[in-house]
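So, here come the structures, one by one.
There are two complexes below, and they share chain A, which is joined by chain B in the first and by chain C in the second.
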Partner chain A sequence: MLHIKNLSLSFSRYGGMSFRKVPLKIISDFNIAVHTGEMVAVIGSSGAGKSLLAHAILGILPSNAKLTGDIEFKGSRLTESRKKRIRGNEIALVPQSVAFLDPLESVKKNIQRAAFLNTGSTAKAGIMMNDAFDKYGLADNVGGLLPFQLSGGMARRVLIAAATVSGADLIIADEPTTGLDRNAIDDSLRVLKELTSEGKGVLLITHDIRAALKYADSIAVFYGGTTLEIAAPEDFKHPEKLRHPYTKDLYSSLPENGFVPVAGLNPFGDMIPAGCVYGERCSRKNELCETSRPDRKRINNGDVWCHHA
Partner chain B sequence: MISRQTASIRKSAAFLGEKTFRLAMVMCLVCAMSFVLVQNSPVDPVRAYIGADANQIGTEQRTLIAERWGLDRPPAERFIRWAGQIVRGNLGTSMIFNEPVASVIGKRFIVSLGLMAAAWVLSGILGFALGIISGVWHRRAVSKIIDLYCFVLASAPVFWIAIILLVFFSVMLQWTPVSGSTPPGIPAGEITLAQRLHHMLLPCASLSVISIAGVALHTKKKTVEIMQSDYILYARARGESAFGIVLRHVLRNSLLPAISLHFSSLNEIFGGSVLVEQVFGYPGLGKATVDAGIRGDVPLLLGITIFTTIFIFFGNAAADYLYTVIDPRMRHMEKINEY
Partner chain C sequence: MLELKNISFRYGASQPRILDGINLDLKEGAMIGITGKSGKGKTTLARIAAGYLEPETGSVLLNGMPLPGKEYCPVQLVFQHPETAMNPRWKIKKVLGEAGMGMPDEKLLLSLGIHPMWLERYPHELSGGELQRIAVARILNPATRCIIADEMTSMLDPITQAQIWDTVITFAKNRGSGIIAISHDLDLLSTICGGTPPFEL
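For the complex of A and B:
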């Protein structure tokens, strides 16, 4: 349904010692595919630019952003004007937090508006809203509540309900687990997972590896603004099946797998090297890694971007 | 358990109680301070009373008047006697109008009220609209023009703007009358509403100019903040059009602070009316204030001071109260406490 090929995103800003605008690269050569009925998780550290990926797909980036590469949605190119047309009814966003809700708009009005933007009919929107209230266990009195009165888990259900009444086929969930306890995390991810059985595609953007492994059908590892590996969740059960040195290091850094740290920091912006983005911290680095970006290799039904794989 | 209704009555009672207490405190302070100021001013009530006949009246007669008015008593005693009359509602008699102060204020205030209300409403609507436009199209040409306009207005003295308007529209173009609130030489009963509005036009325009800049700049700042907020980003992601975003999210969220600000700017309009009425010879409360000051009419001056204090106090209290009524977050606070 969604195919992203070699997506790059940079911002022009005033920086360094010059008075001219210089580009700041956030995402480079990013690749991913989301198919119908599939939940794909993009995992990466906080602040790495994952949310901007969602904004890029929806066409809501700030005006100083420059986007290159190909995004294909339902078989045809997703241009900026098409994004503008289909966002909110073919692609929907489940935002990060309650801060994305208008503080003066009640839950009911909010969901009804999302349904109205989809159907263009007040009557249909009302029916869809009532269905969504039933489906997501929102009591009637919740409808009159304002965003500041919602708990984290409740807010998440409201945001997901708003995304589903929009009738979208692709749902982009941006960090839907932040600030929630274990039960609420399971609750909100289960709801998203159910959407895949209705034939929708879900792009899950998260830093919560455990949650991603539990629910996603495919895991894309995001590091230094690009994809390093796309693996099945099962691969994480057997570290020898993982393809990229970073994914392996990530695996061993989990508390249950030895808690082994890797020296260095995630590169961001100007610090991203020209060669392999993991080069500086990788134990297998050689000259080739420093000079050229690896191309995609397909191994065991997974993708990897590494010279050594 | 207390019901919601009793809780809300209790809340209103607490609000009223607090405001009444504050008003009493403010009144005490204002009365004391204005008394001290008048006491130490060069205004001599006896001379103001005698007026043009000053040369024909001897020193003994002056002392006699002063004694009759109690001006030979110590200031503290005079203050207590004056304050006692004020509390009983007796503001004294105006020397220049030869009428009770309360009735002078009443008549003059009616004239000013129309002018001030029109200017207040006009500046609120215009200022809010300009602020929204400037905020939504932040950094575009239209926003820069509005900002420049607001900064110029905010820094120009109101009497100067009034004179410029007067010179341009009344003297050069002769579209509007030069002075007064009604055409001269026509009996009060025959004056039409159109004539009154015609006379009000320029004073109202000059007066609204002061508040427009404040409301517009404040609304703009709030609007820019809203436009950069996460909920506007989300609204765009949901496919809301630019017009829908302004209508559904920007207007409501920036209206609350604007209303509150505009109520507390009542004092600016009141202060401005003194200058504007003077320039246009508009016979309202502002002009009466200037006349009372220049001609040494102490009772009228003090009466106007007290009246102004009450008026502005109610403006601010209304702003406080409205905020709790129109902001749904404030209304819902009670519900939260119940959970």
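For the complex of A and C:
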């Protein structure tokens, strides 16, 4: 359904000691595919530009952003004008917070608007909204609340309801688990997972690896603005099956797997090295890693971008 | 060292009690985990223990004495969202010096992975993970006897999480400081507290 090839994103900004604009690279050579009925998780650190990825697909980046590479949606190119036409009806975003809703309208009005934009009919929108309320366990009195009055778990369900009544085939969920307790995390991811059985594609953007492993069909490991590995969740049950040193380090840094730290920083913007983005922290770094970006290699039904794989 | 005795709290006279008769005793060099569902008062308890809120009943005692009102508080709280705990108009350099203990030494900054270049920047120019390292560096000084980490690493990736906890735990071990860790993540609490089950609110 969605194919992203060699996507790069940079911002032009005033920087350094000159008055000229300089580009700041945030995402480079990013690759991913989401198929019908599939949930694909992009896991990576916060502040690494994952949300911008969602904004790039929806065409809601600020004007100083420069996007290159190919995005294909349902078999044809996703141009900026097509993004504008289909966002909100073929592709919908479950945003990070209720700040994306109209703060002065009730929950009901917010969801009804999304449904109205899909159906073009107030009556149909009303029916859809009531169905969504039933489906996502939203009590009637929730409809009258304003967005800021919702608790974390409730807010998440309202945002998912708003995204689904839009009738979209591809749902992009941006950090749907932040600030929730375990039950609420399971709750909101189960709801997203159900969408895949209705034939929708879900792109889950998260830093919560455990949640991603539990629910997603495929895991894309995002670091330093690019994909380092695309693996099946089962691969994480046997760490020797993981293909990239970063993914292995990520595995052993989980509290239950040893809580092993790795010195150094997540690179961002102008700190991203020209060679392998994990080079500076990698235990297997050599000269080649410093000078050249590895190409994609296919190993055991997964993809990896590493010179040593 | 840090004793919470019979702590109760409610937000407003007509509200129900969110905390009711909580007792905790944190010994020197010890670590206690606290967990509980959203809305159970975990953050409220953290704020009471660090002296930000007055409890309705009960008392907070450090070595038998109430927390000092004016000078540097030996009980320090690290918040989940560091950007809300810093003056947005101050450069990081000034934020780090806010504790009044002088600049943290270079070795500590290095172990937290803090780049010297950041010191000249403003808080909004750093990411959440970078800012949280600053927030931690700010409190790791000899005057801190007890660290309260309220979802300190829940917004961070696992490698950064392990890195920050490694520094905090090493500091606490060297100085005999106590740690209260608050989190939804039971695996995390069990790992840092050496397998001791957390206190559930």
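One rule holds in what follows: the second predicted complex is superposed on the first by the 309 of 309 C-alpha atoms of A that agree within 3 Å, B and C clash if a C-alpha of one lies under 4 Å from a C-alpha of the other, contacts with A are read in each partner's own complex, and residues count from 1 in each chain.
Rule of thumb we're sticking to: contacts are C-beta pairs under 8 Å (C-beta built on N, C-alpha and C of every residue); 3 or more make two chains touch, one makes a residue touch a chain.
Predicted model, so just to flag it, every value in this text is computed and none were measured.
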| item | value |
| --- | --- |
| Partner chain(s) touched by A:Asp249 [first = chain B, second = chain C, both, neither] | second |
| Touching partner for A:Thr164 - first (chain B), second (chain C), both, neither | neither |
| First, second, both or neither for A:Ser45, with chain B first and chain C second | second |
| Partner chain in contact with A:Pro261 - chain B first, chain C second, else both or neither | second |
| Contacts of A:Arg87 with chain B and chain C, given as first, second, both or neither | first |
| Which superposed partner A:Leu101 touches (first chain B, second chain C, both, neither) | first |
| Which of chain B and chain C A:Arg182 touches, first, second, both or neither | second |
| Residue ranges of chain A in contact with chain B within the complex | 55, 58, 60, 84, 86-89, 92-93, 95-97, 99-106, 113-114, 117, 145-146, 148-149, 162, 166 |
| Complex interface listing, chain C residues touching chain A | 37-39, 113, 115, 127-130, 154-163, 165-166, 184-185, 187-188, 190-192 |
| Interfacial residue positions of chain A with respect to chain C in the complex | 44-48, 151-153, 178-184, 207, 209, 249-250, 253-256, 259-266, 268 |
| Parts of chain B lying in touch with chain A, wherever the complex brings them together | 229-231, 233-240, 248-249, 252-253, 328-329, 332, 335-336 |
